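For reference, the structure is listed below as structure tokens.
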Amino acid sequence: MSKFQKEPTKLVPVPSTNKIPERDVDKSPILEARHLGIDFGGLTAVNDFNMAIGRTEIAGLIGPNGAGKTTVFNLLTKVYQPTRGTILLDGHDTAGKTTVQVNRMGIARTFQNIRLFSNLSVEDNVKIGLHNHIGYGLFSGLLRLPGYWKEEKVAHQRALELLSIFDMQDLANAKAGSLPYGAQRRLEIVRALATNPSLLLLDEPAAGMNPSETAELMENIVKIRDTFQIAVLLIEHDMSLVMGICEGIAVLNFGQIIAKGTPDEIQNDPEVIKAYLGSGKGE
Amino acid sequence: MKTIAPGRKRLVNNIITYGMVIAAFVILQVLNAGGMLSPSLQGQLVPICAYVTMAISLNLVVGISGELSLGHAGFMSVGAFSGVVANLSLQSVLPSGPVRLLVAMVIGAILAGIAGTIVGVPVLRLRGDYLAIVTLAFGEIIKNIINILYIGVDENGIHFSTQNEMALNLAEGGKAILKGPMGVTANVKLSTFTAGFILVLIALTVVLNLVNSRSGRAIMALRDNRIAAESVGIGATKFKLTAFVTSAVLAGAAGALYAMNYSSLAAKKFDFNTSILILVFVVLGGLGNIRGSIIAAALLYVLPELLRDFYDYRMLIYAIVLILVMLATNSPFFRDLKGRFQEWLRERAMAKADAKAKGGKGHE
Amino acid sequence: MSILNNLINGISLGSVYAIIALGYTMVYGIAKMLNFAHGDVIMVGAYVCFFATGQFGLPPLAGVLLAMVVCTVLGMVIERLAYKPLRQSASLAVLITAIGVSYFLQNSALLLWKSDPKVFTSVVGTGSVKLFGGELTITHVAIVTVLACVVIMLALTWFTGRTKMGKAMRACSEDKAAAQLMGIDVDRTISMTFAIGSALAAIAGVLLCSTYPSLMPTTGSLPGIKAFTAAVFGGIGSIPGAMLGGILLGIIEIFAKAFNTNISDAVVFAVLIVVLLVKPTGLLGKAVREKV
């Protein structure tokens, strides 16, 4: 649940073409983007982006390179402020919010080009994700008051618990930057999960992984959704992963959504086929 | 095979650092009592403590928080002069030397902390080299302001002026404490090596405890990757400021300690070159390495003293040593060695992960 | 008239800062490093000219040229020995090395030429032009300084815009790896940048000492810091920015001095801070967006 204080916003029914999974169908979407768009100095990077994601949905965002997928993530997490449109998270408008505030409201993400705290240990990376859930202040830390010991112990256990999702608890003491590539990607997911999000954004989680690693990752993403009961939106080029676990998929090309639907619908959509083959970027 | 937990490794590391400081203190005290220290070295014991504290506190900003500050001497200056004013104006109220020294250091620390907040709030929005130049500018401004400041005390309280001594309008029996460009000329010396040692221990405790706490992790997260830190809900301004102000507070206390070791002191003592000197201690000691800062500050502060026989050449030697050390520690050759070591660590971690994965599958 | 006089003095001092700032800004633009030793190269240039014209009786122009040659070589040698090995290192390591080089130059000068100030003879004489019946005095030095500044500015604009080497420099400052792939010799280009910056430093040193004739081993440090400030003020990495920043800084300093000599530096730095807070990349600097 979001701890963010805000005057109650009226929930709007979802005018979505997305097929929200059956179990979520009577609930309001966790995320709703309406007419979202951004221009970079006259160049429109994303335009009229509409999407709704169910509370426990695994959704995919695909499209050729340069279509604007990561830009959408940057808009949702307020790394860029959108030029147009509205983002509703759990019914709350995120206009004017910063990346930090949006995270506290419930969006956590990973990055396409891995962004770990590479000089710190794996465990510290996760504890940094737990930052807003550790309840002692500067002075307790400086003076080592009882609150410090108690909370640090809880954080330590929680960090190991989260790491165990990917069976990484034995790497807790390793330096994050020294991990193999795949482990770094998994650690980013753990770190994002530590912030207790209601929506997890994964930017190319399977990039650089071999097929068996990817298969394991797919299982884990589903496991994360089932355990934490959260929504997942992922960008991925690996079609086996996208078609395998996503319940709803949106296809982006030149900053515009060209198709939305279930994996089956997307695979047979002529527009999508054209976008992929036409741009010479067949998967 | 079980590696040492980082908590325990940290503990061992910290114990070594504390032990080193305490041992150095005890050895120097014994040598001093036995009359085995040269008078010049004896006179440097307090300044060494002050500069060690400065290096520890600057490492918090540059090493731990990752922001280049070129004006750290400014905060030392604020602490030094406010400490002197406290010392001289409280002379009759607090006759006990150690108590007055403590009060002077606390006041110096508080005022430097306020200065740190005033500087930090607007400045920490800037990045990298721009932040560096603005801290440089603030250091120079603080120096300039103290240079034109006249402060006196009489039975009515403290008087300020930016004109001259006469403009202070001191009553009969009042005295001018700070006299513009001349600075302080009649300070009462209070500092002792023991006080300096305690300050170093406090600075050490503050920084080490901070680093191993929630706030410290946030500070280091922002250093390593600001965007990622923000993405997990860590606000940059708050924690950058925490590091900056904590550092300024420690620098203020060090400044007061330093000032109370001399009977006269002028603002130009704390100029850009002093800031750079402290930065050199921090970089040579290793960014983020507190023990390294302590060793580098102590050694480099006495190095010119040790080179006394080459008086004319000592700063030249200092410069050459500085350049050679930087080249030796940062040139591709050294990096190559370091890279190979990291590669080895990485392979070890990977081998372990593999073993784990195989072991896990085997049981299924 | 005193306002006009101050303005002229300010522009003249600012022109010196601008010439020094060009050296900082070019090196920063291409090597992404703060060359703290730049101010001391100024001092070396001034000493060379001082001895060439005073001791060896060379004509002033020859003195300036000799200073330029010496500083050019010095700049290239410093770059080769101290900075090049650290090309891939953290910027802080390079900064500390530059500080070491600065100490080295200052202390070498101290050993060679002693600390007592030398009285520098102006290279353009001490004459002046009097206007409005003597109310407004413009020294020849001021005129030459401003002219030199304008010429250098035009020459550099032409150089970076039109010549092959200039284009290589701009390419390197944009993206070194890409420039290398296009067949640009990055090492040579950086070396060239240091050479130009150092030659400019020599000119600045001579002009500075012609205006303020006291020459010491520390003569270069404060103008160096101020010029660095000027470069940041105008937007570091930008050539017109360095000119603008330098001249504005000179004017502000002279007017602040007229107001109160003791706090002129504080005023200069305060203006810098205000500018950076309003426009964090300086007057003409451009913001770089980090790719996420």
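Per-chain residue numbering starts at 1, and chain names A, B and C are given in the order in which the chains are listed.
Heads up, the rule we're going with is that contacts are C-beta pairs under 8 Å (C-beta built on N, C-alpha and C of every residue); 3 or more make two chains touch, one makes a residue touch a chain.
These numbers come from a predicted model, not from an experiment.
Peer 1: Report the chain whose CA-based centre is farthest from the CA-based centre of chain C.
Peer 2: A
Peer 1: For which chain is the distance between its Cα centroid and the global protein Cα centroid smallest?
Peer 2: B
Peer 1: Rounded to the nearest whole Å, what is the centre-to-centre distance of chain A and chain B, using the mean of the C-alpha atoms as each centre?
Peer 2: Here chain A and chain B have centroids separated by 41 Å.
Peer 1: What's the distance between the Cα centroids of chain A and chain C, rounded to whole Å?
Peer 2: Those two chain centres are 50 Å apart.
Peer 1: State, to the nearest whole Å, the distance from the C-alpha centre of chain B to the C-alpha centre of chain C.
Peer 2: For chain B versus chain C, the centre distance works out to 32 Å.
Peer 1: What are the residues of chain B that contact at least two other chains?
Peer 2: Correct list: 227.
Peer 1: So which stretches of chain A touch two or more other chains?
Peer 2: Residues 79, 111 of chain A touch two or more partner chains.
Peer 1: So which stretches of chain C touch two or more other chains?
Peer 2: 292 - these are the residues of chain C that touch more than one other chain.
Peer 1: Quick check: in the complex, which residue numbers of chain B touch chain C?
Peer 2: Counting only chain B, the residues touching chain C are 62, 68, 122-123, 125-127, 129-130, 132-134, 136-138, 140-141, 144-145, 147-148, 180-181, 227, 272, 276, 279-280, 283-284, 287, 312-313, 315-316, 318-320, 322-323, 326-327, 329-332, 335.
Peer 1: For chain C, which residues are in contact with chain B within the complex?
Peer 2: Listed in rising order, the residues are 28, 34, 82, 85-86, 88-93, 95-97, 99-101, 103-104, 106-108, 110-111, 225, 228-229, 232, 236, 260, 262-263, 265-266, 269-270, 272-273, 276-277, 280-282, 290, 292.
Peer 1: Could you please specify the touching residues of chain A with respect to chain B in the complex?
Peer 2: Contact set of chain A toward chain B: 77, 79, 98-100, 103-104, 108-109, 111, 115-121, 123-124, 127-129, 131-132, 134, 136-138, 140-144, 148, 151-152, 155, 167, 170-175, 178-180, 183, 191-192, 194-195.
Peer 1: Which of the residues in chain B come into contact with chain A in the complex?
Peer 2: Per the touch definition, chain B meets chain A at residues 3-6, 9, 206, 209-210, 212-218, 220-221, 224-225, 227-236, 242, 288, 342, 345-346, 349-350, 352-353, 356-357, 360.
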